[in-house]
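Next come two complexes built around chain A: one with chain B, the other with chain C.
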Partner chain A sequence: MDQNCLHRVRNKALGIAHGVGLFLAMLVICLPGIWIVLSSLRPTVEIMAKPPVWIPQQLSLDAYVAMFSGVGKGGIPVLDYFRNSLIISVTSTVIAIAIGMAGGYAFARYRFRAKSAMFLGLMLTRTVPGIALSLPLFFVFARLGIIDTHFGLILVYVALNVPFTIWLIDGFFRQVPKDLAEAAQIDGCTRWQAFWQVEFPLAGPGIASAGIFAFLTSWNEFALASQLTRSINSKTLPVGLLDYTAEFTIDWRGMCALAVVMIIPALTLTFIVQKHLVGGLTSGAVKG
Partner chain B sequence: MATVSLKKLTKSYGPVAVVHGIDLEVADREFIALVGPSGCGKSTTLRMIAGLEAISDGVIEIGGRMVNDLPPRSRNISMVFQSYALYPHMTVRENLGFSLKIAGAAKEEMDRRVAEASGILDLDQLLDRRPSQLSGGQRQRVAMGRAIVRDPDVFLFDEPLSNLDAKLRTQMRTEIKKLHAKVQSTVIYVTHDQVEAMTLADRIVIMRDGFIEQVGTPDEVFRRPQTRFVAGFIGSPPMNLHEAAVDDGQLLFASGERLPLPSQFKANVGTGDKVVFGLRPDDIYPTGHGISSGEDVDVHQLELPVTVTEPLGNETLVFAEFNGSDWVSRMLNPKPLRPGDRLKMSLDLSQAHLFSAETGKTLRG
Partner chain C sequence: MKGWRPSPPLLLLLPVVVVLAAVVVLPLLLSLYSSFTPFRLTKPETLWVFIGARNYVNILTNGDFWIAFARTVVLLTVALNLEMLIGLGLALLVEKASRGQRVLRTIMMFPMMFSPILVGFQFKFMFNDNIGLVNNALQALGLTDRAIPWLIDGNLAFIAILTAEIWSSTSVFAILILAGLLAMPREPVEAARVDGCTPWQTFRYVTWPFIMPFAFIAMTIRSLDVARAYDIVKIMTDGGPAGRTELVWTLVARTAYSDARMGMANAMAYFSILLSILFTVYFYRKLAAARTQIAAEW
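Let's look at the complex of A and B:
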């Protein structure tokens, strides 16, 4: 009886300790995010204060109002940046997924010469840090005259994302048994129909997660975008953050407000497909 | 309903040939089983008939029409896969109706045919479930239902029962037999299980290394195997097969032991011939504990030491040593035995088989 009681108490204590531990861990993880949101709402004095002001004294939406109030009144062309980001991210994601699906399917289903070497080659391209390519890319793009265009940035992001989408989608197609496509063909489908009716829906979650990753990569990318864009023609939101830096000052509050604006679509998208995302990561990456 | 005919059908992967120009005629409404050990080319042959595997040479005709280069969908066949290959994202109803949907059938027609198939296979209760919610046997039935719905000329089965446990396998075997009686269509059934082949098929095709060894009714392949391989493959427990030399009207085994030459082969062999002697366990029995053929014309008696016994309830398999190895025999009226006991065995040599040691072909006239 005593022992039972002891174990019950111990289990309860462990449960509480577990909860507290998790809370602290999550706090550390979430703190930067929370700090950005808070900083976007408080005056610069409070942001820069030393020692830091933990509890905000006064909150206002001034930074957001200013951001959208137009150039010359402390605002930046945020809608243009948003449009650029959206066009570039969506287009490059769609293209990367289309290529990734074709490539992933080929790697999963067909046997061809130098298959593993090609796969390894694709993966190796991921080991090169993007920033290392920025200078050569700049020269090439300058020659081609595609600096500061949507096309240029889309091209870069497609190249950046394709190896990853191929790798992820390949894993998902491998998990769809070959028999299913064959059964569909016997049931009257053409090869093409069998793919869209049977294999595609089954690999759907994997393709969705590959899409999210590709989208987030393009949406958040800064290093290459800052080199290859110049004006509101093509500047994306991450590059737009730099508009808040002046020669002697940095408008931390405005920058944080823009960061929040940037995070919201990404967060919403991730939230909507998070189930697929987690499933995608755990079941697609490990090849059976 | 249709005939299937294979003429000089060949499949090679690069320089490696896996099916060597086989010929086979399957009659309308016939149930034919392709059987053989793994790697014998039986599944490849089936996949070529289905159109899932391109053929390297030869001709495939279904219902008198050459289908060599037709895609699977144009051959009017159905196939049941070993893995069932049910579409996991569709319900049973959608699985059954998939081929009709692709063909653009009207809703009423689709409902009617799905209902018909589910009635035959007792799937009515399961129509709204997904494959993941079904047991192995139920999935198997859905796979068969999907095949029936298409109302094909030919049913192809690729080891459909090998993923089921022993009890369910027996049950589904009966169902397949009933199904064939009901739908009366041509069936080509691939299996590595000779019991399935024997129980289901009108004729059995025994394949080995990409060649057909023998085609015949279950009775023919069991009683009159044309080759040593067929003799060893068909029958459970397998036939006792031992090499011997013909010596002065007797069979001389490697150990020096002798058996009289079965009289039915006397005309076909002569002294010095190397042969393989075969006798089924059913034709060797402890005296008084088996079924004698009645006439006792060619029964030879030996006293042999028992090495192992396998009691099966209604009968006991007795392993006794002869010619340096164990010969299996069947004791239909079992009595307790211990290893080392000596038993008087009756060998019914009128049922014996002799094969050429060189070619493996039967020496029966």
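Let's look at the complex of A and C:
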């Protein structure tokens, strides 16, 4: 009886400890984001206050209004940046997926010489740090006259995204049993038809999440964009964030507001695909 | 066979190879060449002067470069190990949760969506010595009565950068390890328990070998973009104060664009590329080994 009671108390304590630990961990994860959203809604005076004001006294959308009201009124050309970011990210994602699908299919369905060496080789092109790659690219692009254009950045982001896209898509095609496509071919489909009517729809959700991953990479990229863009012609949002920093001062509130604008599309997209993303990354692990 | 036709995988891989050759391999060859010249952006004609390995000799005898290099390696080693440990802990916590796992998993992915530059900026904000959340909290709790100069002191700045790095990347580990835990069959764990293993033994000899490949996937993914730390450091301290948080990548950027010494910067960049490749190949091999092991056991 006594031992039973002790055991029950211990279990209860462990349960509470687990709950507390979980809560603290989640708090640490969420806090920076919450703090940014909160700061973007507070007046600058409150952000700078000493001693700190913990509970917001007044909330307003002033920072957002100022940001969108354009240059000269304390804003930055955020709409231009947004448009650039969107054009560049979407286009490069579409191209990267098209190319990556071909490559991923090749890795998943065919045997050929030096396959794993080639796979590793593709991955290695991705490891080149953006800043190291930006030096020669800057030089070449300057010569070709495609610095500060959408085209230049799109080209770079396609190359940046393709290796990882191939990795993901390869995993998704492996999950689709080979027999299905073969059955379709026996029933009279060509390989091309079998691909589009059987394998593609089955791997579809996975491919979509690979696309979103590529989109996020382009959307968030900074090291290359900061060197290859110059003006509102092609500056993307991450580069635009630096507009809020002057030599010695930083407009914290404006920066927070822009951060919120940047994070919302990323947040929405990731929630949509999170399940498939994990599946795609791990599928190779179990099936080898 | 009706004559020679290019094999299908070759055709399918052709576009990938072309794009990567044009955007990555060729520029890298160019930069390899220019690392043997005294090339400066302001003087284009210097591209044609060949000076042998002088840039490399300069770098190798340059104390600042070695310090930055060592700091980068230390940062990566500490960050990756801590991320792994914390990620494992987080995954175990979430796996144990009986309710709301979906919500918890979603929250766990939260930092992944943050652009590194945003992470850098938000931690710069939070570690600000005057108005930052960290100092305000510490002072309000009475743990310290003066403002801690987080980003102004070299060592503290390193810790702040490490924190930002860990916050932003732990979720990669946590999510993949959690996926491993969820995919794991129950029977071996129960069998171990019946046979009288302590929880620690169960974890060490049953659970851990199983989730190891997942941890290596996470490691490989992480090592693919270790250089993301550049964005964080660039915005948090920009290598400062007085070069105390300079990493290889910020040093490359400074040499190339502020000093306009492209040849020199390219030589440095090659060291940073080497570093990334070593990390990736190492983890990729581990991953391949872990994969075959799992495949053999199943």
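Before moving on, here are some points about what is shown:
Note that in this section the second predicted complex is superposed on the first by the 251 of 288 C-alpha atoms of A that agree within 3 Å, B and C clash if a C-alpha of one lies under 4 Å from a C-alpha of the other, contacts with A are read in each partner's own complex, and residues count from 1 in each chain.
Following the convention adopted for this analysis, a contact is a pair of C-beta atoms (placed from the backbone, for glycine too) under 8 Å apart; a residue touches a chain by one contact, two chains touch by 3 or more.
If you're wondering where the values come from, they're calculated on a predicted model, not measured in any experiment.
On the shared subunit chain A, the superposed partners chain B and chain C are arranged side by side without overlap.
One of chain B and chain C touches more residues of chain A, and that partner is C. Centred on chain A, the angle reaching out to chain B and chain C in the chain A superposition, using CA centres, is 90 degrees in steps of 10. In the superposition on chain A, no contact is made by A:Ile55 with either chain B or chain C. Look at A:Gln193: by the touch rule set out above, it reaches chain B but stays clear of chain C.
When both complexes are overlaid on chain A, the residue A:Ala117 reaches neither chain B nor chain C. Once chain A of one complex is fitted onto chain A of the other, the partner contacts of A:Cys5 are absent, as it touches neither chain B nor chain C. By the touch criterion stated above, A:Pro201 is placed in contact with chain B alone, chain C being left untouched. Of the two partner chains, chain B is the only one that A:Ala183 touches; chain C does not reach it. When the two structures are aligned on their common chain, the gap between the nearest CA atoms of chain B and chain C comes to 8 Å. In the superposition on chain A, no chain A position is in contact with chain B in one complex as well as with chain C in the other. Residues 7-10, 12-13, 15-16, 19-20, 22-28, 30-31, 34, 41, 89-90, 93-94, 96-97, 104-119, 121-123, 125-126, 130-131, 133, 136, 139-140, 167, 171, 175-176, 179-180, 183, 213-214, 217, 220-221, 223-227, 230-231, 234-235, 249, 252-253, 256-257, 262, 265-266, 269-270, 272-273, 276-277, 279-281, 284, 287-288, 290-292, 294-295, 298 of chain C touch chain A in their complex. Listing the residues of chain A that touch chain B in their complex gives 177, 179-180, 182-191, 193, 197-198, 201-202. Against chain A, in their complex, chain B makes its touches with residues 50-52, 71-73, 77-79, 81-83, 85, 87-89, 98-99, 102-103, 146, 150. Listing the residues of chain A that touch chain C in their complex gives 18, 21-22, 25-26, 28-33, 35-36, 39, 47-52, 54, 99-100, 102-103, 105-106, 110, 112, 116, 118, 120, 122-133, 135-137, 139-140, 155-156, 158-159, 162-164, 166, 216, 219-223, 227, 238, 241-242, 252, 255-256, 259, 262-263, 266-267, 270-271, 274, 278-279, 281-282, 284-288.
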